[in-house]
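Could you have a look at this structure, given as structure tokens, before my questions?
For reference, chains read A, B, C and D in written order, and residue numbers begin at 1 within each chain.
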Amino acid sequence: MDLLAQILINGILLGGLYAVMALGLALVWGVLNIVNLAHGAFIMLGGYLSWHLYTYLGIDPFLGLPITAVVMFGLGYCLQRGVLNLIVRAPMFNTLLITFGLEVVLTYLAQMAFSADFRTINPSYAGSNIALGPVVIPMARLMAFGVAVVLTVGMWLFLLHSRLGRAIRATAQNLVAARLYGVEPRHLYAMTFGIGIGLAGAAGGLYGTVSQIDPYIGATLTAKSFAIAIIGGLDNPLGVLVGGLVLGIIESLTVLYIGATFGDVASFGVLVLVLIVRPSGLLGKTA
Amino acid sequence: MKALVSILLVVAVAVLAAVPWFGSDVLVQFGINALLLAVLAQGWNIIGGYTGYASFGNSVFYGLGSYGVAIAMVQWELPFAVGMIFGVVLAVAFAFLLGLPVLRLKGHYFAIATLALAQVMIAIVSNIGIAGQNIGLVLPPLNNDPLFYELSLILLVAATATVFWLTRIRFGFGLIAIRENEEGAAVMGVNTTLYKVLAFALSGVFSALAGGIHAYWITFLDPASAFDISLNVKMIIMAVFGGPGTVLGPVLGAFVLSGVSEVLSSEVTSAAGLFFGLVVVVAVIFMPRGLADLMRRFRTSGWRYFAENLRAHRI
Amino acid sequence: MSNRTLRLAGAILGAAAILSCAPAMAEDIVLGASVQLTGPVANTGRYYRDAYQFTIDKINEAGGIKVGDKQYKLALKLYDNQSDVNLSVRQYTQLVSQDKVNLLLGPFASNFALADSAVSEKYQIPMVQGGGASDQIFSRKFKYIFGTLAPASNYFGSTVSMMKELDPKPKSVALLYADDAFDVSVAEGTRPLLKDAGFTIALDERYTSNASDFNSLLSQIKNANVDVVLVAGHETEILNFVRQAKSLSVAPKFYSFTVGVPSEDFRKALDKDANYAFGMTAWLPSAKLKDKWFGDAETFAKEYKAKFGYDPDYHAASGAADVEALAQALENAGTLDPKAVRDAIAKLNFDSLYGTIAFGENGQIDLAQTVIQIQDDKLVAVYDAKGFVEKPKYPMPAWNAR
Amino acid sequence: MNAILEITPILEITNVTRRFAGLVAVNDVSFTLKQGEILGVIGPNGAGKTTLVSLISGTLPPTLGDIAFEGHSIVKLPAYQRARLGIGRTFQIMRPFPGLSVLDNVAVGALFGHGGGESELAKAREQAREQLRFVGLEKFSDQRADELGGPSRKRLELAKALAMQPKVLLCDEVMAGLNHVEIDEVIDVLKRVRERGISILVIEHVIKAIKSLSDRLLVLHHGEKIADGEPDTVLSNPQVVEAYLGRKRA
């Protein structure tokens, strides 16, 4: 019973991290209809940025998150404005391909700049934990979970109540709707992509505190993010949080009851099932 | 003009077939690889280019074909040909069982579902004893590259002939109609579900055969290399680079990109991947409709072609 | 077809033509290799690149090698296989058939060696590789593949021997291993060792390679309350395992890992948390290991660090040994003929910085593993074939009691 | 005319309802289409006209109710089987196969339509050419369909449906957005279609155009049938007038 409780806690905390990873992906996909295969690479870059801030400037990874997010936002904004906006109206394959190309480029640049060595962000409290009776709650994961909830709810409020947020949501329905809100579409696209990448950057910072960063973590993280976004649905950040939690819990339970090599069978199997049964996601609107 | 094209094609195939007699071992090796990639691109062309479904699951077919051959040869000690058939059977079964639910999804959802299927296959096969789990299987080596080369060439010719034939029969027209407007096709009497599944299966047959040849040639197979998603991305890039939904485009795309990638990996070895990524990004921006379209319209538009593309697709 | 189309076709043919003009140096003996310089395993792949080049340069500085009555220098032709097995097979074929290299050095990792050994066998060019230890590579009865890593099945051999002598003697063991060729071999070899030594295996779990979340497994370990945890995996997995063990307060009396512990990279990433971790190495930079070219292993390690800026571990030493094995075999054979060199490799028996190089019937070397532990941020050898070298820090204290 | 009306209905709609997530698009509608008849369906925007066509052609399943074609229920059949039985439709939002030539767009109809269609491509193209001649689009045969202008696309929709050799033609606003001359031409085409023995259901927003064409009129309002009968009678029905003129009535 203690074990089950511990496993569930593990799953929930893992799920929070998953949610932040997928938040930006879901936004970009849902609004811009860009399936960003480079998403994981941006998480990786965010991780490196956070690592540099911590190692060379001594900035705590959690306090450094806003800096990471803002820098990554800038990168995302420029990429959309300078590159992705050029192919917004091209056939669907092309956005898949161009983001794949970006992933390859970013991975290689990261390897050149940071070498293939792995890095970890290891603040003093990274290994500490809180014991609740027999259940142990790792500090870093708990904090990451907190950040995840704050970011998710923040995104949700932003989309619902700010003018830019409403313009972004309207754009998800109709490409030129942004004009109705007095926002230039090119700018709005870049803002949306920038926010998505900023969130990916923040996720990278969190990821570095609980796992290791190397230039090649991107592809797996992209795949995971897809699973989460699909399970949760694209039209609501709260859905993504649910998706992350569902996946985290399922994976943890699978490792416990079936075996440690079945985690991926479970998570991607659930993804396929959700797609077939409920393509709009668990919390998404039914078509 | 038509006669000229046919003659050129026959000559091209004849020259390609003669490569093992005058080319170096490396050229033959490169050839096997490029030909198999062309088969994959051509196979993808059926479901992606003609039917309009961006499948990321073709590497599953490829993997099933590889494992068909490997399991048959290693575990059951059956001949290669039986393994190829077994692989094709696995691929077709997969296309029908999973194609039915998955092909109901549209656009990106279909792409992601197939992407996930490839991941699931890696995870499942890693747990199957007869497939060697995650360790993989080691096949008996056969030191006969010319044979593998000619087999690959035959397969490519067969795949291309099939696609050419598709463009002249009702079935192929139905696929194109589905790509262009699925609902419109249904109300005009196209059995869209059946046609999509058949296209998926047909595309799977060629991918599986390519996987089978490759497995026997490389003599080693594990889940990560058999169901490699980047291989699937490669075949899409090649097909899209050459021109999806055209008969020769994917083949051309596969040859050109294989050549570029090979030159890069042997000449600027450490940055090969970087350049490959850049080539993809630039190609997508300037020629989103592929080489076939470039060749068709470059004659009339000249260099303006690229500017026109940019103007047409940006916001 | 228009002119433009033809020109485009010309460009493609031109690209293909470039493939066929890589010149080989006539006077040198060229050793060919394809290793992982980029891609997910690049951080271990570079040990081989550096070790190969370093050793070849050293041999050339000493005037090269004498084959028959001619003096030759060595040269290295190296490709980056981008951590892609298929590409590595193609590159080895290119090395043999196009670049006409004389002999082959190996890639890193068992799955690569498994696939690439088919090329050396096919073309009957001997390959000495120091990066693949899986028993599968050597069970195929290939004649042209030789390995300088100790057999995977015996990686935990010395560790289990030591565990029997620990006080208090541990009872229950958790065995975790990644699902790749090498680590499965390790697990298969370790299980009978544990049983014979009278340990109970409380947990025996295979996990997915590249896993990054070990919380569930760690919770099970904690729940089963095992004394010893043995993990066969990859460096990043071990790294995550240790960090997450700390954050969940999982502290068995003893844990040991197949990789990571000997590598500087790993100790740096974990800092103080690396302490108490056990591992093993078939090689330590000891002055006792004499070497024809480097003097001894300690000098090798010093010069290596000075040149590349990081400490060599057994991967690097094994890579250096590969080059030396080929050089020695060439001198012994007195000819460049690959078949004669192959026979000379099989008969090798010489002392090197890596230890005594003598290949068994199957082509694999047999070296004893020394148990090592990180004590007070330093790597310490604690137990080898002759017994305890240094007192192990055992049992490991709880995380909050360090 | 009366003689024709006596024959068994080719299409029989019984108590059909379609709901979309709480919204009732079509509510308990019943009517028949007789052999050789032209039935006009009118109603204000959002009355459920296009939904009705989709329900009959099979691209949407009804929530409740039954649809029979030549006396057999087709409600469980998928769209393509209904097409093969002889139900052809046009789309209000014109969606040709944009990348195909005008000729091949129509050829698809000939290849697949009623009875499974023509299996040979050459013959199908021949039939397609005939249909293009019939609707007056012959000269655009080789153009890409997405290069056609609006009015021509309406005709293309017709030609595509006709190439299927249907027994029933469902026309979804084929006259919307056309000028008087063009409307007259379409009316002429539809009348000639009827002369071939094809029954037609015409959905139209514009009353004037449909009045002269239809044998009978049916009025939908908020998804419900509010009138059905002779055009003149129906159009003078006060309920219809109210539905159409709404607030202006006062």
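The criterion applied here is as follows: a contact is a pair of C-beta atoms (placed from the backbone, for glycine too) under 8 Å apart; a residue touches a chain by one contact, two chains touch by 3 or more.
All values derive from a computational prediction rather than experimental measurement.
Asker: Just by CA atoms, which chain is the most central one?
Answerer: Nearest to the common C-alpha centre lies chain B.
Asker: Of the other chains, whose C-alpha centre is the longest way from the centre of subunit C?
Answerer: Looking at centroid distances, D is the chain farthest away.
Asker: As a test of whether you follow the contact definition, which chain pair has the most C-beta contact pairs?
Answerer: More C-beta pairs are in contact between A-B than between any other chains.
Asker: Would you mind pulling out the distance in Å between where the CA atoms of subunit C average out and where those of subunit D do?
Answerer: The answer is 73 Å.
Asker: Report the inter-chain centroid distance for subunit B and subunit D in whole angstrom, where each centroid is the mean of the CA atoms.
Answerer: 42
Asker: Need the CA-centroid distance for the pair subunit A / subunit C, whole Å please.
Answerer: 35
Asker: Can you list the subunit B residues in contact with two or more other chains?
Answerer: In subunit B, residues 123, 126, 134, 273 touch at least two other chains, as defined above.
Asker: Provide the list of subunit A residues touching at least two other chains, using ranges where the numbers run on.
Answerer: Residues 108, 259, 261, 263-264 of subunit A each touch two or more of the other chains.
Asker: Give the residues of subunit C that touch two or more other chains, as numbers and ranges in rising order.
Answerer: If we look for residues of subunit C contacting two or more partner chains, we find 38, 179, 208.
Asker: When you check every pair of chains, which ones turn out to touch?
Answerer: The list of touching pairs comes to A-B, A-C, B-C, B-D.
Asker: Taking the touch rule as given, give the residues of subunit C at its contact with subunit B in the complex, in rising order.
Answerer: 1-2, 4-5, 8, 12, 15-16, 18-20, 22, 37-38, 79-80, 82, 85-87, 89-91, 93-94, 96-98, 111, 114-115, 118, 121-122, 134, 136, 140, 179-181, 184, 208-209
Asker: So in the complex, the part of subunit A that touches subunit C is made up of which residues?
Answerer: Against subunit C, the touching part of subunit A is residues 2-3, 6-7, 10-11, 13-14, 108, 111, 115-120, 122, 126-129, 131, 136, 138-141, 210-212, 214, 216-217, 220, 251-252, 255-256, 259-261, 263-264.
Asker: Where on subunit C does subunit A make contact in their complex?
Answerer: 38-40, 42-43, 45-46, 176, 179, 205-208, 210-213, 215-217, 219-220, 222-223, 235-236, 239-240, 243-244, 246-249, 265, 269-271, 273, 399
Asker: Can you list the residues on subunit B that touch subunit C in the complex?
Answerer: Touch list, subunit B to subunit C: 4, 8, 24-27, 29-30, 33, 123, 126, 133-136, 138, 141, 143, 214, 218-220, 222, 225, 255-256, 259-260, 262-263, 265-267, 269-270, 272-273, 295, 298-299.
Asker: Which residues of subunit B touch subunit D in the complex?
Answerer: 168-170, 173-174, 176-177, 179-181, 183-193, 245
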